[in-house]
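Chain lettering (A, B, C and D) follows the sequence in which the chains are written, and residue indices restart at 1 in each chain.
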Amino acid sequence: MEELKTRADVKDTGVNEQSSAHLVSVGPDRIKAFSDGVFAIALTLLILQVKVPSPSQISSEAELQNFLLQQWPAYLSYALSVVIIGHFWVAHHGLFHYIRRANRMLLWLNILFLLCVTFIPFPAALMSEFSNYRTSVVIYGATLAVAGLLFDLMRWYATYQHRLVDKDLHPQVIRTARRRNLTGPLIYLLGIIVSFIPFNISGISGIQVCLALYVLVPVIYFLPGRTDSYWAGKLPTKKGRDGAN
Amino acid sequence: MEELKTRADVKDTGVNEQSSAHLVSVGPDRIKAFSDGVFAIALTLLILQVKVPSPSQISSEAELQNFLLQQWPAYLSYALSVVIIGHFWVAHHGLFHYIRRANRMLLWLNILFLLCVTFIPFPAALMSEFSNYRTSVVIYGATLAVAGLLFDLMRWYATYQHRLVDKDLHPQVIRTARRRNLTGPLIYLLGIIVSFIPFNISGISGIQVCLALYVLVPVIYFLPGRTDSYWAGKLPTKKGRDGAN
Amino acid sequence: MEELKTRADVKDTGVNEQSSAHLVSVGPDRIKAFSDGVFAIALTLLILQVKVPSPSQISSEAELQNFLLQQWPAYLSYALSVVIIGHFWVAHHGLFHYIRRANRMLLWLNILFLLCVTFIPFPAALMSEFSNYRTSVVIYGATLAVAGLLFDLMRWYATYQHRLVDKDLHPQVIRTARRRNLTGPLIYLLGIIVSFIPFNISGISGIQVCLALYVLVPVIYFLPGRTDSYWAGKLPTKKGRDGAN
Amino acid sequence: MEELKTRADVKDTGVNEQSSAHLVSVGPDRIKAFSDGVFAIALTLLILQVKVPSPSQISSEAELQNFLLQQWPAYLSYALSVVIIGHFWVAHHGLFHYIRRANRMLLWLNILFLLCVTFIPFPAALMSEFSNYRTSVVIYGATLAVAGLLFDLMRWYATYQHRLVDKDLHPQVIRTARRRNLTGPLIYLLGIIVSFIPFNISGISGIQVCLALYVLVPVIYFLPGRTDSYWAGKLPTKKGRDGAN
């Protein structure tokens, strides 16, 4: 059934025949399902970086509470990373919602993107342990920025000249989603730059401002954007059913 | 096919058009599948907290048996947490069974809920190692209570004024399921309060009564409730097919 | 579509209406998909028990080779457990292939069964480290035996008086599959008994015979049995399409 | 729906009736979904081998940077293994795209293949820690070669005399895909042989040439091959819809 539907879409939308040169037997639905699995696992593995003290270290309630309070960067890093991977999952679905077929290049761009996503638990653990080191904060931001940029490359590749998407997909939709998704990488790069500025105003250093900028990213993504308006506006039209998906 | 079905449902049930303002391209089915993955992984990771002794610590069968018996809180914490995550999985399906479309707020409420679910392995490991510390027992109960309350917030958000559910969904169904799911958080909060009461009756302290209350939760969920009766009663009617799902 | 099909099946096969008393909103398909996730993760986590030496322990190729050769029980335990979890996956599908609807009891029996399956990495790690200790060998066999018996309880519950299965499902099919699946638990129990017999013939002890019996289980499951013949025989008939599934 | 489709395919394509002797109740779609889960998890677990230093080891940015730079083999091993598991996922889909039904032998060959795939995190971790030891480099290559050969055995088993595939599947397709997939195992075996040659030209040893050969494998797989041309060529024909999948 799914195959038939996909086939129909391919016919209707007249995708660029040129681009079919390297079609592969793994369709967009399979890529989506596999990526979902990777997102879910990467997200769940993050908790392994939050450490439980060894009983030999602890001899009273106060000591246990102290240990747990002192590893606040671990909780922050955990929550930030879960939310960011959640965001990538949402963005990935948004992109693959338009994609009508896959080719080898898309497959590999996706594998490279997932390589970055599954890497996230490492810089997250690094930032947990070394939250006051520029090195770890920079590596964390850089990983997320690279993941975001790879995702944008994948989007560009799929949508350029409607290579793998519907012919009638409005360029405005692509532009809006793109702007939205590049916000993250831009803030991460800004955070990295700020972390290198040697200042210290009433105990607040560049590294801490950088961390605050990282926290800003999920807040921005939480706010509804133009992409949503598009979905809402399109709902009652012919393409509307996509909106509900 | 799935898209068409969903579309039809949207039409038939006349969902509140106002709420479509922030529709997203990730539908309820995708949220369900992704959450399923997260539940399955969080549940399976719990075993990593059950420790195998290092060979250098052990020199006889008796020592090995002793080590294994002494970590009974680890088995208890493992079994409790597996069953509770299993319960959340069931409750999540129960809720998403009614939900007809998703918006950005639902998506983020769900990500916050999953953030709590994937956090569970940490307090579970803490309670394994420090079962006689109030701190760890309280953190365990608080995590599960917060997860349960976030789940209820998600339910409230989706069903309030039939925002994202069928217009003809009977309020009684929502109320019954709600009461059922709030039982857990209430018992966890009761357990936390009891753990702070400084008593010791024939060797049983507040912490141990608290643990007993935690064990009570899955027992209560195991017993069939009113929600089931609803499903059973609805089976032969038009809506009956849902009952079999 | 799936819902409709399921509904049709329910009608056609006249499942015991009595048993619908505790129907739940999680259908057999969802239980199957969730359990699949748990099987896949439990199976993949097993590799974490195979240890990599720390560089400080190793100073030559010979030392590294020695370390790797000496942990042969870890490889055996890994391979055995992967294959056994693979077998449970196959058996689980075989059972849920007949099941037409779910109720609360089935749901909880399945969660208890999964609790045993996700527990397997622990006894597997224990047997890796303490392969010559009766305690660990017995715990490994007992875990697998309990998992197998819980699975059989679930089968019994679902098929007794055709509670949750097709009315026209031939009892012979149930009996054959049952006999096949009880073979494992029986051999595990036999192995456990043998491990307690204090003998030592040319260096071979009861524990080693027990290990050999554990290895026998996947070998037996590999050989085609009567269940297969049933599927083969049924293929050209009306029910045949099930055979291909 | 899926069942019906599968059934129709079975009829249309006239698969060898002889081979139906050991059909099982787990169909190709289920095997594919389960294997997908295993691929996704094995791929995501690889990050656990990349180590975070303990805070007690590190006292300055320079020391942290030094630690992170010195574990470059861990990043290489991580990236290589992610990409190779990604390749196996693609190849697995390519194969199961033709397969119309499953039997017990296919099921077990697949479980043995997955046993190798889930094993990969171990040699990957070994190569991270002992990148200049022949033992670890050889074990890594051997694991990947064995996985590739098992995959080819599975392909051979399924396609020999069109046992489990469409009767009209062109032998050329099988041959081309086979040649493509055997490239990996061949290069791994070549790498292993080279690692044993005792030479050292301007600091480059056999082990390093072997590592370079391992890096070559994903590069080769990235380049579009003849299989793709087949998919592209077939797109406008009757079988074309498969191409989009």
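Rule of thumb we're sticking to: a contact is a pair of C-beta atoms (placed from the backbone, for glycine too) under 8 Å apart; a residue touches a chain by one contact, two chains touch by 3 or more.
Every value quoted in this text rests on a predicted model; they were computed, and no experiment measured them.
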Shared interface numbering between chain C and chain B [over half = same, under half = different]: different
Angle of rotation relating chain C to chain D [CA atoms, steps of 5 degrees]: 90
Distance between chain centroids, defined by C-alpha means - chain A, chain B (Å): 26
CA centroid of chain B to CA centroid of chain D, Å: 36
Interface hub residues of chain A, defined as touching at least two other chains: 1, 33, 37, 41, 45, 48
Touching residues (chain side chain C, partner chain D) in the complex: 1-2, 5, 33, 36-37, 39-41, 43-48, 50, 52-55, 58, 61, 64-65, 68, 78-79, 82-83, 86, 89-90, 93-94, 97, 222, 224, 227-229, 231-232, 235, 240-245
Chain B partner contacts - residues on chain C that touch it in the complex: 1, 3-4, 6-7, 10, 20-27, 30, 33-34, 37-38, 41-42, 45, 48-49, 100-101, 103-104, 107-108, 111, 114-115, 118-119, 121-122, 125-126, 128-130, 133-136, 139
